[in-house]
Each structure stands twice: as C-alpha cells, then as structure tokens.
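What follows are several structures.
In what comes next, chain A is part of two complexes: it sits with chain B in the first one and with chain C in the second one.
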Partner chain A sequence: MVMEASQQNQQTQQPIVRRNRPGTTTKEFCQWPDENFEEMDSTLVVQQFIQQMIRKDPSNVEKLLNMPDGQDEGVWKYEHLRQFCMELNGLAVKLQTQCFPATCTQMTATEQWIFLCAAHKTPKECPAIDYTRHTLDGAACLLNSNKYFPSRVSIKESSVLKLGSVCRRVYRIFSHAYFHHRRIFNEFEEQTFLCLRFTHFVTKYNLMSKDNLIVPISDAVSEIPGESEA
Partner chain B sequence: MRIINRQDIDTEMMDENSLNGAQNQIGVGQNRVNNIATGDKVNDDPSNGNAQNVQPQYTIPGILHFIEHEWQRFQAERSQWDTDRAELQSKIAVLLGERKGLQTTHSDLIRRIKMLEYALRQERIKFHRLKFGCDPPTIDLTQSPDEQALANEIATDADFPYSPVTNQMWERGRARLQNYLKEIGWTETIIDVRSKCTRNLLKLGNAEQEENINPNVNGTETNNKRASESQGMCSQESSEYDNESNFYIIGRDQPAKKSQQAMADALLLDTEAAVMSSFAFLEPADVEMDEEDYMGDDMDLVTGSDIKQLKMKTKGVIVNDDDADAEAEEVLNDLNRLAEGEDANMNMVVNNQRINDGSMKRRVMTGMGPGVNDEEVDSSLGLGELAELTVTNESESTYDVNNSKESYRKTWNAKYTLRSHFDCVRALAFHPKESVLITGSEDHTLKLWNLQKTVPAKKSASLDVEPLYTFRAHNGPVLCLAMSTNGDQCYSGGLDGVINCWNLPNSNIDPYDSYDPDVLKCSLEGHTDAVWRLAVNHTKGNLVSASSDGTVKLWSPQSKLPLLNTYSNETEGIPTSVDFVRDETEKIVVSYKSAVSIIHDVETGKPLLKLTPNGMSGPTDPSKYINRIISHPTMPIIITAHEDRWIRFYDVNDGTLLHAMVAHLDAVTSLAIDVHGLYLLSGSHDCSIRLWNIANKKTCVQEITAHRKKFEESILDVAFHPTKPFIASAGADAIAKVFV
Partner chain C sequence: MDGLTINNFFDSDGGFDSGNGANEFVDLEFNYADSDTHLNEIAELYSYTEHNEFQLNVKAFEDQMEMYKLKPLWQQLDKDQHQSIILKLIDQLEVLDNTMRMKAARTLLYLAQGCWVEVQSDDEQQSLSRYNVMMLYRLGVFQAFVELLNLEIENAATANVAIRKIAVSLADSVDLRVILSVLYIITEVMRAESERTDSEHLDLVDAFVQEISQPLGDELLAVKLLGMITRFCSGSAPHFPMKKVLLLLWKVSLVSLGGTETLKKLKNEYREKEGLPVITEDTLEVSRTMRASSPPPTAGNDDNMAKRSRPFRRVRNIVISESLMKQSSLDEQEQLGMEMEAQNAENEDYIPDYYRQFDDPMNGDKNGMMHNECELNKQPSISAATTQHPTLPWEPKVRQKDIYQFMDISRRKFIGYTLPDNCETTAGLPNPICEGINILKRHLYVSLADIQVKREEEIARNPLTKGEEEVPINPTEVLYQAILPNLPQYMISLLKILLAAAPTSKAKTESINIMADVLPEDMPMTVTQSTKLGIDVNRHKEIIVKAVSAILLLYLKHFKINHVYQFEFMSQHLVFANCIPLVLKFFNQSIMTYVGSKNIIPIMDFPSCVIGEQPELTSDLVIGDSEPYSWRNIFSCINLLRILNKLTKWKNSRIMMLVVFKSAPILKRTLKVRHAMMQLYVLKLLKMQTKYLGRQWRKTNMKIISAIYQKVRHHLNSDWAFGNDLDARPWDFQAEECTLRTCVDRFNNRRYFSQISNAVRFPDQSNVGGNQNLGLNANNCDNSIFNGIENELNINNLLNSENLLEVDDHFELTKEFKNNYEAWLKEEVFCANPIDWNEVLNEPNLVLINEIKNAIRYSTYFMKSG
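== the complex of A and B ==
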C-alpha cells in the first residue's frame, strides 16, 4: 500500500499524505518518508520530529538530542520528556506481569533508599508497581496540565523547572526494573534504548544530578564522556 | 439576515468542494488524453485493461463514453444542489417568519414595561399627595407634546386598578421573557449575572453617577454629529437608565425609609431592563439593514424627549426631598448638574433637529402616531443597556445569530477538555448510562474519565477533567474501543494485534488507588496484525473485530473459547472497518481496502451483498478508501466515510447507493450516529466535526473545529453518548473533547 501510494505520488507529483488509515499493518504504521523539520507546519512539530527520529534509529542518542536551530529549548525538553513518559508505559506493562505488591512491597532500587509515592496528599510507601503507575499517571497529569503547560509551542520558565522533578521520579522506574527485574529491563532496553536515551537526556540538560543516575548504561556508549556514573 | 448569509456560504463551500472534485476529475481525464500521446500506462480504468502496453489504450469512443459519463454525473449533482437550495430557501422563509413573531412579542413587552413605569410614576405622585397633602410640583406636561401624547396613551391603559394587575402582568411578562430567553439560548444564569452587575452598580451609585456624566456628554455629542452608529447612543441611554433607577430609590427611600424594599424593586426593574436590552440585539440589526436613514433621526427625537423626562424627574425629586439628609442632597446635586448638562445638550439636539426640518416633519408625523412612536422610543431605551452587550457580542455575533437560528435545535458547545494522553487519541467509547468516557491512545494506554469529576479551569468556559484510571496492557498504540451493552466491560484493540477485555473500575475510584490486576479480564488473541475496529452486537453481546491481517473475527468474550468465527475475503483485501447490521443481527458489514463493502452472513461467513460506490474507476480506488463503516440503528442503511471526503449511504436490502455527499474538506475519518438515528456525527482530517440531520434531507446542522493536526491527521474518532446529551471527539493532538 505504501509502496503503491509512493509510486503514484511520484507519478502525479502529489504531496505525501502521512496518515495511518484503518487497515494499515503494524509494519507500515508510521512508515512514511521523513519530513524536514522546516517543512512541518503543525503545532506539534517538535513531537513529530522527535518521533520521526526515534522511529528511524532509537539507538542514535546523540542525534535524537540534537536540537534543530531556532528551537525553543524549554519546548524541546518538554516534548522529549513527554515521549519518555509515553514509552515508559511499555516498561510498566512489562512490570505489571512480574512486579507484584507481595514481592516488591516498596519502591527500592539499591538498599540505600526507599522512595515514597508523591501522588498522594501525604507521600506514602506504595508497592513498587503502584509507585510506577502512580508516578506515570501523575507525570501524565502534570505534563498535560492546562495550568503549567497550556501550550506546546511556548512554555513558561517556571514550568520548565517542573521537568526536573518529573525526571527524578520516572528515573526510579528504570532503577527499580534494573535492580529487581533485570530480565524485563534488558528486554525492554534492547528494543527501545529508553534508559540510555533518558540518561543522555537528563545529563545533557542537567535535569538530574549525576549521583542519582545509578543504572549503568551499556558499553556501546560508555565512551561518551560523563556517562560513567554507576 | 446573517443567518441566511451563513447558510449560503455553507452551501457555496460545499458546491465549491464538489466543483473541485469535478475539476480533479477533468484533470484526470486530461491526463489520460495526454497519456494517449505519450503511451503511458494508466492502471485505474478497468474497461481498457492492460493488454496492449505499448499501443495507446484509449479509443475515441472510450473517451466519448467517459465524457458522457462525467456529464451525467454533473447533471445529477446539479439537480442535487438545486433541491438543496430550495430547501434552504424554505428554511429561510420559516426563520424570517419566526423572527417577525419574536419582534411582535418584543414590542408588546416593551409597551407593557412603559405602562408599568408610568403607573409607578402615578403611584409616586399619589404617595406624595398623601404624605404632604399637596400635589407634587409637576412640571407642566404641556412642555413636551410628545410626552403628553405618550402619557395620554398610557393613561388610558393604566387607568384600571393598579397594583394587583401590575403584579400579575409583571409576572406574566417575566415568565414570557424567560421563555423567550430560553428559546434563544439565554439561561437564567445570564439574568443572574446581569442582576449582579446591577447590584454592583447600585452599590457604587454615587461614583457611577459622577462617571456617567462624561459618557453622557460624549454620547450626546456624537448624536449631534449625527453619527448613525448606535454606540454613543447606547452609552448615553444606559447611563440615563441607571439614573432613572436611582430616582426610584430616592423617591421611595426618603419618605418611607424602606431602602431595602426600594433597592429590591429597583433591582428588579434594572434587571428586566437588562433583559429587555438583550432582545434589542435583534432590533438594531434589522433597523440598520432596512432603514438606516430613519434611525439617526428617530434617535435624535428620542434623546430629546428622554432628556426632558429626565430633567422633569430630577426637578420633581429635588422638590420632593426638602428634608433629605446631606448625603442624599449631594447625590441630587449631582443629578441636577447632570440634568443641566443634559438640558444644554438637548438644546443642541433641538437645533440639530431644526436644521433637518424636512425630515423632522416626517418624524413628528410618526411621532404623533402614539403606538408606533411609543415602541420606537422604548426600543431605543432598551437599546440603552445594550451598550456593553453589543460590544461583547460583536466578536461572536455569528455565533449568536446561529444560536437564534437554531432556537428549536440543540447547539453543541465544547465543555470538557480531556488531556492526559501523550499521543494521538485514536478511539472513544461512552458508558451506556453514566457520564463516563474511555479513550484509547497511541501512547499505549486507555484512560477512564468521569465527566462529573472536573477540575475547575480558570478563565475558560470549558472544564478540565483528569482521568480516573489508566489501563495499561497493550504493547503498542491502542486503535479501537468498544463498550459492552451493560457498560461493565470494554474492549480495546491495538496495533499489537491483541484485543483486551477490561472490567471497568468504579467511576468514583481514587485515581491513585493500588493496582488491581483483575481489571484486565482477558485478552483475545488470534489476530496476527493490528486490530483496527471493534463492534459489539447489543442483543447477543458478541464482538466483531477487523484486523489488518486480512481477517474479520467474531468473538464471544464471555465464553471459554471466545473465537467463534473468522471471515476473510481474498479478492477485496484487508478489512478497514466493520459493524453489525443493526436490524438484522445475523449480518455484519465489512469495508475493505478496495473501497468495496460486503455484507456477510455471521453463521456461514458467505458474502451476501456487495456495496460499491458509484463511479468506481477500477477494482481498487485508493481515493475512495473507506475509513469507517457504520449501520443505522433503526433503518436498513449502511453509512461509509471515505478518504475522498464523501459520506455514502447504502440500502442494506439491495445494496443501492441511496445518497452520497461531500461532507468535509478533507478525508472523513469517523462516523457516529445517535441512538434514535436522527443525527450523524462525522469527523475529518480537516480538523472539524460536523453534525448532520440525516432524518431530514441530510443537511449539516453544525460544524465545530475541534482539534489540531499532527502530520496529516486530525480527528480520529467521534462518539455519541447513548443516553446523555454528550458528544465527543478524539484528536491527533492527544486531546479528547466532550461537547454538551
């Protein structure tokens, strides 16, 4: 279908229509030719651009974080974080099958800290799976809040500051998965490189202190300076 | 008049679309002609086949046949437009009639109010006479002939016993007013808001009066310049009215010392006046259109006489209140000053009038005819309060007009904004009874929203809702949703090929409750590729799914072996959408990638009937791609939404194309129909949702721009609540909206 369409497009010189019509197969989903950042004219350009690059090669962390010229950095960070939280749903789905309240009664990574769930009026010691779900739900609410992020084109400086705490909280999901459900973590990381990307992201934009980045990231990228925190 | 314009524009737009379509067709035709020359291969015409690749495929008869065919199609479309036009015209006539009726009511009400005012004045005089034993020093009415004529006219009306009648009439009038307001879409709240404003105004009485002097003068000056715009007038008139209401207070207040009562009365009056003024927006439009010349003149006259009234009253009050306390005196002084100012202005007005002697006579003539003049005077008085109103209405005047046009129909407004998804919202499903909505998104999750649990959003009319529950199990975007008949379960299909059955949590659940794995009841596995459409048979509870693995499957989600049957069609390709044929539960209708829809027998899986869009140019026509297929809940009709902007209606019994319409500016993506089958809702990548009256002539009743684009996608799903007045739209901008 896509092949046909693109051939016809070449013949008739019509613009490419980037749509996932009903009946699109999993393989074809979103598999349209890239669009230049400059040519995108929607208000969701940054999301479109980031997703387009991830689809191409999720492991190319440097390229993913390479911000186009003239892009507002606040929006850039915000859209990246949205994308991270969205993809973390995938990790949560996997954790739901293995991380039970009976076995992981607390949100822990190493023995050093027990994390309290900030979704409640008074922070409480939720089981790890609840912590994961609540943190993702809370992040979804905050990042979609009309109060702090009314626009996806420009973001107030005060709201950009909120991104750091979201990063800190969602990172604990990675660390819990890494230290307690290593198989799931590895499986997920092989597909998405999400933790790798996330670590690069928070390091590049200084959204978390390096001491908190406790998940060692794979050798393939360890040569990049500043990534040896373990 | 604007109503009509709007509709015209709508039809024009539609016509233009079809014309564009037509042009495209012609373009194709030309291409073909060119292709003859170049010998290019064109695939999409079946009649010519591909047998002779090298030789030109087009013969003269072929071209002629094509042209003939196109001509016939244009004729058919043209006759369609003609009927549409006739319909619209008859609708215009009806609306005009309606407006005339409303205008009559309006003027009638105004007369009543005038009468009541007069009666009140009489009552005050009577009161004064009782208290002081002498007539209040009335300024001779002979001063203004208009006034006297007016007074006489009213006196005859108001001669009968005063108070009980007033109360009755007052109440009746009020009820009628409220009915009327409800009809045009104004609610009690507006009246309340207005009365609140009035209350504020009265609290700040003194200050207000001071301030009012300036706009007053300005207003009159504009008059003198004979600017026919009503703005200046309005501000003047409005302040005048304010002053008047203050008179009432003072008049009663001082002697009786019942300030509370007086306040309340004045409030009532003012509120009514405000309400009156809100009608007035019908009036000025009319006047402006028809008799622009008259208007300026009449207004001048009105000002003159009103100022006289005002002055008269002012003096009356002053003499009345010899024993008033200092504070009141101050107020009165202000008023007096005001009146003097007015007096001067009035002279100017009078001069002005003399200059325009010729037209003046005409005015006086009409002025003498008591009824007409009375109404006109009053309508301008009503217009007074309109000052601020017109300003605020201006920006959305089309909307208001629209509102009054649809007074007998419901107008949908965005009320709830559902933001919490990170990516395109692909699917919507309402709970059959409760105000609960479930959304499915490309961010791999489903969310449950209770529309009764809202977060108050500041400075906007729409409310934000936060999701109560997030359903996580899909390993990929969620593409479709369906709700079970009783609302206990919902089904979701995803790009991962899995159909999940969910037990709906309680609609009052704490969003941060602990995880309950039982919410995911079961997964229906069987499809090997994306599941794009689910539909539930409400009598049997069966579920049918359409997947891009080329199959349609029938499930019984409650049983141990849920998969009942699988249907596939090699020739038509991948199914794009599916629905049960509502009036015959043993049939499903499936739309295929080939733009053909087929009705299958559920038991045998045999294709029973083929629905083909007219003018199909080949076995597969990507432009006519079917994005959604639904069946009418009560009638044997199948409706399809196409990529080529059309919505097509088929007869279930014989497969004929009943009706086809260009419905949007871009691909139509989604359809929903209300339970009664009267209204059709369509969503499109042109960012708008449209509501169609399909019971009657299939006209577009409302269009709402609802979502933004992500890539070339905008609106991905629409839904009607089965029992409550909600409609919803889901967008590629990660937001869902609910309209009431």
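== the complex of A and C ==
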C-alpha cells in the first residue's frame, strides 16, 4: 500500500532521488538525469556538478575544468582535488596486484628521483605501494579535516595553500604507475583519463611545475579521437 | 691592533670608564618596541662566522639553474618561470638523497635572502626578498621546510657525531641552520609585512598567522622548537643551533600571538566583555614622555671602592645600623645586607652633584636632558617651563580589597564592629571617612585577573552548576594547551640558556655550550680574526638573551590576559626554576658597559657583507655603529625587568626573594641607565620591597623614594614604604604560594584534564598519547565532580569535600549501617568486586574513580536511609 502510494507519487511529481541506495544495481548506478548547476541546491553542489560532468565525458578536460560563473575558486580547486583523490584509489587498488614492497622498494619514477613519504612525522623512505597508500590516506585526512576544511562552501586562504603539496605528492603515484606498471596505468587511464585531467588541473592552477609533470600525456591523448588539447 | 678601528673603544670586561662619561648624562633615545628594525632583525640571524656559507647558497642556485638550463639571473626571469622553478625545488625537497635535498634548500634560502648577487643596494635586496618570500610562502615552501626540519631534528647520525665530539662547531649544524634560516626569514618578512599599512599581501599574512597558530601536522611549530631547546639542554642534541631556534621561536610566537598593539586590543576587548571600563593608559606612551632620573651617583661605581674611601663615615654608619637592628623585625642576615647598603648609600652625601639628582619631572625643563652637565653644581631650577606631566603620570588605582580593609578599620574605630564584605553602608561613619571612601571608590580598579579568580572560585564552589564553561580558542589558548604538559621543562631549559648566555657567566662552568653555532671549525689565527670572533661570540650571547627574554615576556603577557591562572602557572614554574635570582645575577654586572656595548661590525652584517665590492677582510674593520647604546641590550634589560615585575607583583613571598637576594643595590645601580622606561621598571621593583628594607635604607635613599613617588603609579592608601601592611607578615609567605599552587592546579585539572594527566601521571610515557587519552577522555564527564582526582594529594580533599554529594566530614554512622556493617564489609571489602589488576594497570584513573564513587555512594546510602 505504502509502496504503491509512493510510486504513484513519484510518477505524478517525479522527484528525482540522486542517491545510490543500498542494493542499487550496476546498471542503475548513478543513472539519474543531469541537473543544471544553477538548480542544484545542496551544500555539495560543486561535487555533484563535477561528478555529473565526469560521468558525461571524462575525456573532455577543458569542459571539466571550466569553472561556473560566480564559483569560489578555492572551493572549485578543493572539490576537484578531492575527486582526484577519490578516483585515484581505483588506481591504487589496481596497483596492489602488481606493486609489492619487495619489488618496488622505493617510491621512484625515473631513477633520478626517489621520494620520501611525507605522511609520517619525520618523512621516511617507504616502498612505492606504501607511499601510495599513506599519501592517499594523508590526503583524505587533510581534505576531510574539520580544522582546515570545516566548510565546503567557503574555504580559508590558508587551507587552499595546502592543496599544492597534496598535488605534488599524489602525482608521484601516477608517475610511478606509468614508469613501472605501464599496463595498469594504461588500462586505468583509458577508462578514467585521470592523469590527463590531473595534469591539466595542476597546470591550469599552477600547482605544479610543468617540468615535473613527467608522465607524457600526449600518448594517452592521441588515442582519444576528437581530443585537440595536447 | 692591526687594521681595527673601534668606535668608542671600550674594554669589554672592565667598566664603562670615565672617557665615555658624556654618555652617562644624556637620556638614551631608545624606543621600546616589539622588535628592532627589520634590517637588524634579519642581520642578527647570521653570525659573522657564517659568512663563508653565503657563497654556498649562490653556488647551489647557480648549479640548479644550470640543471634547468637557465641563466643564473633571477630578475631576468618572469613570474611564471619563478613559480615553476620554486615548485621544482619544492619537489626536490622531498627526495631521498640528502645532498639533492640540501641543494634545493640552499637555493631556496638564496631566493629568500633576496638574490643578493644581482642587487646593488640594501633596499633592492629587501624588496626582492619580500617578493620572493611571498611567492615562496604561497607555493608552500614554509610547510615543506617544517617537514624538512622534522626530518633533520630526528637525524640521528648528525646527533651522534655531535655528541661524541669534544668541541661542537658550526659544521655540525649546517643543514639545520639552512632550514631554520629559511623559516626565520619567511616569518620575519611576514612580521614586517603585517606592520605595513599598504601591504598588498595581507591575505598571505593572515594565512601565515593562521598556519603557525595551529598545529602543523600534529605539533605546533612553537612546541616543536621548545622541544628542540629541551633536547639541546638535556645534552642529547648539542649541535642544535640554539640562536636560530630561539630567534625563530620568538618570531613565530610574536607573529602568532601578536605584539603590544594586539595585547592592548585584546585586553580592552576582554575587559569590555566582562563589563569593565577600557584602559586608555599606555605604559609605553606614558613612559616615553617621562624623563629619566639622574642615577644615584655611586650606583654605577664599584660598591667596595666607595666604601673604602670613606672610613670615617663607616664607623658612624655601623652605629646607626646597629641601633636600627633592634627595631627591625627582619632576620639578621638581611639586616646585614641592609647595613652594607646603608653604608654605601650614606657615602653619596659627599658627591657634590648630589642635589641635582632626580630632577623633578614636574619642573620639566625640556633642555634638561641634554644639558645636565651644566647644572652640575646647581639646585634644580624651579623654572615653570612647559610641563610634560602637569599631574602625576599615572592614574592612581585602588583595589577592592583596599576598600574593604579601609572600611573595616574605620568601622572598628568608629562603630566598634565590622561588617565583613560590605562596602555599601556607611552608616555611623563620620563624613570625612565617607568622603575618603568615595574617593577610593572613584579610583577603584578591577582587573581581568580579579574577575577570572572570582569565577574560578565560583566554579570550585558549585562545580555542577557553574562547571560548564566554554573556553574560547585563540592562539594563546592553543599554545597554552600545547605546552602545558611539558611547561616546567621548557621553562627550565629557557632559563638554563639565559644563564649560559648571561655576560657574567663563565663559559667553562656551564653544562651546556651555546657557542656551538658560532665557533668555526678552525680557530682564528690572526689578531684580527680573534678580535672578530670575540665580538661575534659576545654578539651571539646578546642575541640569545634578547630572544629568551622576549619569549618569556611575550608568553607571560599573553597568558595573563588570557587567563590569570595560565600566567600564574608559568610564573610559578619560572620562580621554581630560580628565575628571580637568575635575573638579578644578570643585572649584577657593569650595566653601563652592557647597555653601551658595541658588539657589532656593521660591514660584516648581512646584507652589507655580500652586496657590492667586498673589502679585504683583514683590513679596516670598523667595530661598533654610531648609536650610543645597544638596542638589543636595552631591549633585553627592559624585558628582564618586566619579567621580574610580572613575577613579583602583589606576591609577598617573591618580593621577599628580592630582599633575600639583595636586589636593592643591584637595582640601584641599574638606575644609572638614563632611560625613563627602564628606570620605571626598576623603581617599581624597588617600591614593592621598600617596606622590607628598613628605615635606614629609606633614609639614605630618599632620592629613590621621591623618584618612586614621582614616577610609579600610586595605590591610594597603600603603605608601600613603611611596612605596616598586614599582608606582608613573613610567616604567611609559604602559605600564600601554596594556596596559589592549589588554585592553579585546580584550574589546570578542571580545564585541561586530558592534557595534563598523561604528563603528570605517566611522565615516562608521555609519548604514548593516543590510547591512554581515549581512556581518560571517557572520564571527562566525571571530571567536573571529581576534579583533581589524578592528583593523589587531592583525594583526601575529595573525600572530605562537602560539595561532593553532601558527604559531611563529621557524619554519624546510621543505625542501619552500624547494624549491617558486617554485610557491607563482606560485600564491599572482602569479596565483592575483586580488583581487576589488569584494569588498574591499564586505566588506574577510571578504577580509582569508580572505587571512590562506590564508597561514597555506599556510605551516603547508609546515612540517608537511617
């Protein structure tokens, strides 16, 4: 009875529930119609908007990074980075099948650069997979910290400044995957274009130096038809 | 002396001899401020022996630029390139290879220093430095360097090398000094920026202030630095460059907590919140318009000399002192001290210019300060020139307590009984008394501390209804909570360093060697070099004293307005660590020499030492600058005097320490420095102990007494000079300190239960943190009732306290209990609840509280049911 009533209700007014309730099938996962940015009225608009765009076309980097008018830039950067870290967990999971502390004993991309893991009180030398986990955990901690990011509507300048160091450290995960686990990297990149998006993101907002973006994105890009940006 | 020119040559160990006499009669045009000029503050970061290392920074920069295939000319690159380079360098700061890391660090240091190779003048260097620092900060260099500092602090290899060495030198702290220098430059540039009114970087400054006022990672930067100081003092890290650590700590605290202006603003803000009138008087302002008193003539000379030269007087004096001895209530030892003092003072009568001392500021002839020499044999002119202070410089004050006291005495006298705690009714009191009361009330001054103390008392009385209190979180509160667990160690360490840096200390007898970051690996070979090193060492010590004194004063001031018991906690630990005698020892030197010291070689200061054509280092070094005094030394002196004032104000037990340690002659000599503000603080210190110094001292030091009348704030009906004060009875002193301690402990236990319990109860495992904290926090709800439980001594209080569930001290056991006590014994004592020792070991606190709770519940149950 109740179910019927609610179904009827839904049919008449068609309220859209933008939630993946427990038990949602893969097919229905995130299958709700898009909404205009102006019409979104939750406190998580920016995240919702970004995720909606990514679902639509993850390869359209330019459009993804195109900030809506009147949007606070700090929040925009924050939400993007948050999204990157979330998706990067996918890469980390894949890496776990191939990257072991015994084989990749150090966090390195090219031989020249071996990095310390900054997640500890005193930075130390962690194996690549541990570096990946620690860094993603650390990033998640920072980005969810009530102290630095108490609100997702406005963000203090001092907290925005913290995003740079997260980018710097997170990027090393990409470069390690690219140079040492190319197959996994390619597989992942084909689906998500994450490294491409990330590279554009840090370049656009000057969060990293171009010379340090050592993963050549043009390779990945060339495989995508219709992508003009190199 | 080959090639050394010395401005105003002086003998660094001897007195400020008569050749320099002119200086002694001119008021010092010294302006007290939160810090010296930006240029000087930057220059003081480096010791002269570090001179060679500047070139390493350029080298690192050039190497890096070569790596990037760019010309090593920073100014020719555009902003994007700047950013890109800095970002690359930051990346390099996190690589495993230490040489790579330090190369990047040095390059960044060179940028922070303002790329001095490319500039022509100091101004250019400063503006480039400012530009670079702002960019460095925006790109996250500060945080990256704090992490680097963490890494370097824990670098066991360098520590082990340093511990095993006999003589630790500059070379042992190369990396640490680079890191600390970058952090210091950023902090200092930010501080200077915050003082600019036209700054376009205010958002960055704000962000910076916020960043350092909060824990970076898991630790406040200030706490990290304090930790470094403690480790240094414990001997486990002799290579830590203390000067840089202290300077950074000072600046970080200054920027985060705020200087004089912030203090003034906060104080009035807090006062308004409590409904108190705002304070308009500004100590700095008032003392700036004051004129310095001429010092007591013999004050500067060696006391013994003066004594010997007047044998006749001496005989008479002893007679006088002996007759005095009989009247005095002070013990013999102090009496002896006074006697000596009396002799010295008596001798002053012979000095011809005696009468011109202490020119009355009310007569205020404006030229007087310049031309005192001309007046040498004249009486002070009573010319009615323009007056700077038509009235007394300070608004007089009255404490609530004084009014009560006055009314009690009057009532007892005129009505014959007292009405405790009533200052409203004046019934039965004669008119003049009422008038007096009105005047007292008009000048009534209620301090923030009074209000805070009263609130604490109320909370202690009604812990359940009043115990809930919201503690506002501000930088001071954050700092206090962070240093609370180890505050005693921090204070001891700071004082140890102060002691080691005091000019009177002998380097060899000290357990800690604060010279590690100034002494080069190779000892100097030529006379010039060793003179230079001598000056460098003295300069180094002076800068350390400056930093320590500034840190202590800053903390005391901020804690005082934040909560008086935070202040009392810190000051009690300073007193326990012998701060009072230490400061007195510091002043027990040739103070004029110290104030006029010229431990500076301007050409060696940064940036002069690197900009433009460099002269041959062996030729023509000019020592000393054109100033007649040393800014930093007067600054330190005033800081130390203020600290002493803060510690002793209204505390009879500590004032007694001033007397016991014979501070009067030392302070009197300090009056020789002709600077109104400094003299003011000395006079305050003398004023508070005058009543203990005896009649003879007063008699021979009438000039000081009148200077006190003129310059120090009056407390109406305060009997400061004649010792009839009831509060000043010596037998109460210990009790006073103990009561204060109890109040402070209660305050700390109530507000910071979780912070202190680890340190107090598990001093060996204060690092365990996490798990224990969780367990203890769970008890926080019990905390307001059972506050103080973690202090074993307080358990008795707790059990006896009437506040607790109305358990009376003298209760009668009920019949019920008497009849059933065997059952109670059996249940509660013999078999029930066998103690779970594992639990006790894990959480002694919880178990203890539960046991006591049960016991109380049980006994009240039996009492009530009867």
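To be clear about the criterion, the second predicted complex is superposed on the first by the 200 of 230 C-alpha atoms of A that agree within 3 Å, B and C clash if a C-alpha of one lies under 4 Å from a C-alpha of the other, contacts with A are read in each partner's own complex, and residues count from 1 in each chain.
As a working rule, contacts are C-beta pairs under 8 Å (C-beta built on N, C-alpha and C of every residue); 3 or more make two chains touch, one makes a residue touch a chain.
All figures in this text were calculated on a predicted structure; none of them were measured in a lab.
Chemist: Using the superposition described at the top, determine whether chain B or chain C touches more residues of chain A.
Modeler: The partner that reaches more residues of chain A in the superposed model: B.
Chemist: Return first, second, both or neither, reflecting whether A:E157 touches chain B, chain C, both chains, or no partner chain.
Modeler: The answer is second: A:E157 touches chain C but not chain B.
Chemist: Taking the superposition on A as described, I'd like to know which of chain B and chain C A:K204 touches: first, second, both or neither.
Modeler: Neither partner.
Chemist: Taking the superposition as given, does A:Q106 touch the first partner, chain B, the second, chain C, both, or neither?
Modeler: In the superposition, A:Q106 contacts chain C only.
Chemist: For chain C, which residues are in contact with chain A within the complex?
Modeler: 68, 80, 83-85, 87-88, 90-91, 94-97, 137-140, 143-144, 147, 150-151, 153-154, 203-204, 206-208, 210-211, 214, 217-219
Chemist: List the residues on chain A that touch chain B in their complex, please.
Modeler: Going by the criterion above, the answer is residues 1, 4-5, 8, 17-26, 29, 32, 35, 42-44, 47-48, 82-83, 85-86, 89-90, 92-93, 96, 101, 117, 119-120, 126-127, 129-130, 133-134, 136-138, 140-141, 143-146.
Chemist: Would you tell me which residues of chain B are touching chain A in their complex?
Modeler: It is residues 417, 419-423, 443-445, 457, 464, 466-467, 470, 472-477, 479, 495-497, 511-512, 514-515, 517, 529-530, 532-533, 546, 548-549, 574-577, 593, 622, 625, 627-628, 643, 667, 685, 708-713, 732-734 of chain B that touch chain A.
Chemist: If you look only at chain A, which of its residues touch chain C in the complex?
Modeler: Interface residues on chain A, with respect to chain C: 106, 113-116, 118, 121-123, 125, 147, 156-158, 161-162, 164-165, 168-169, 206-212.
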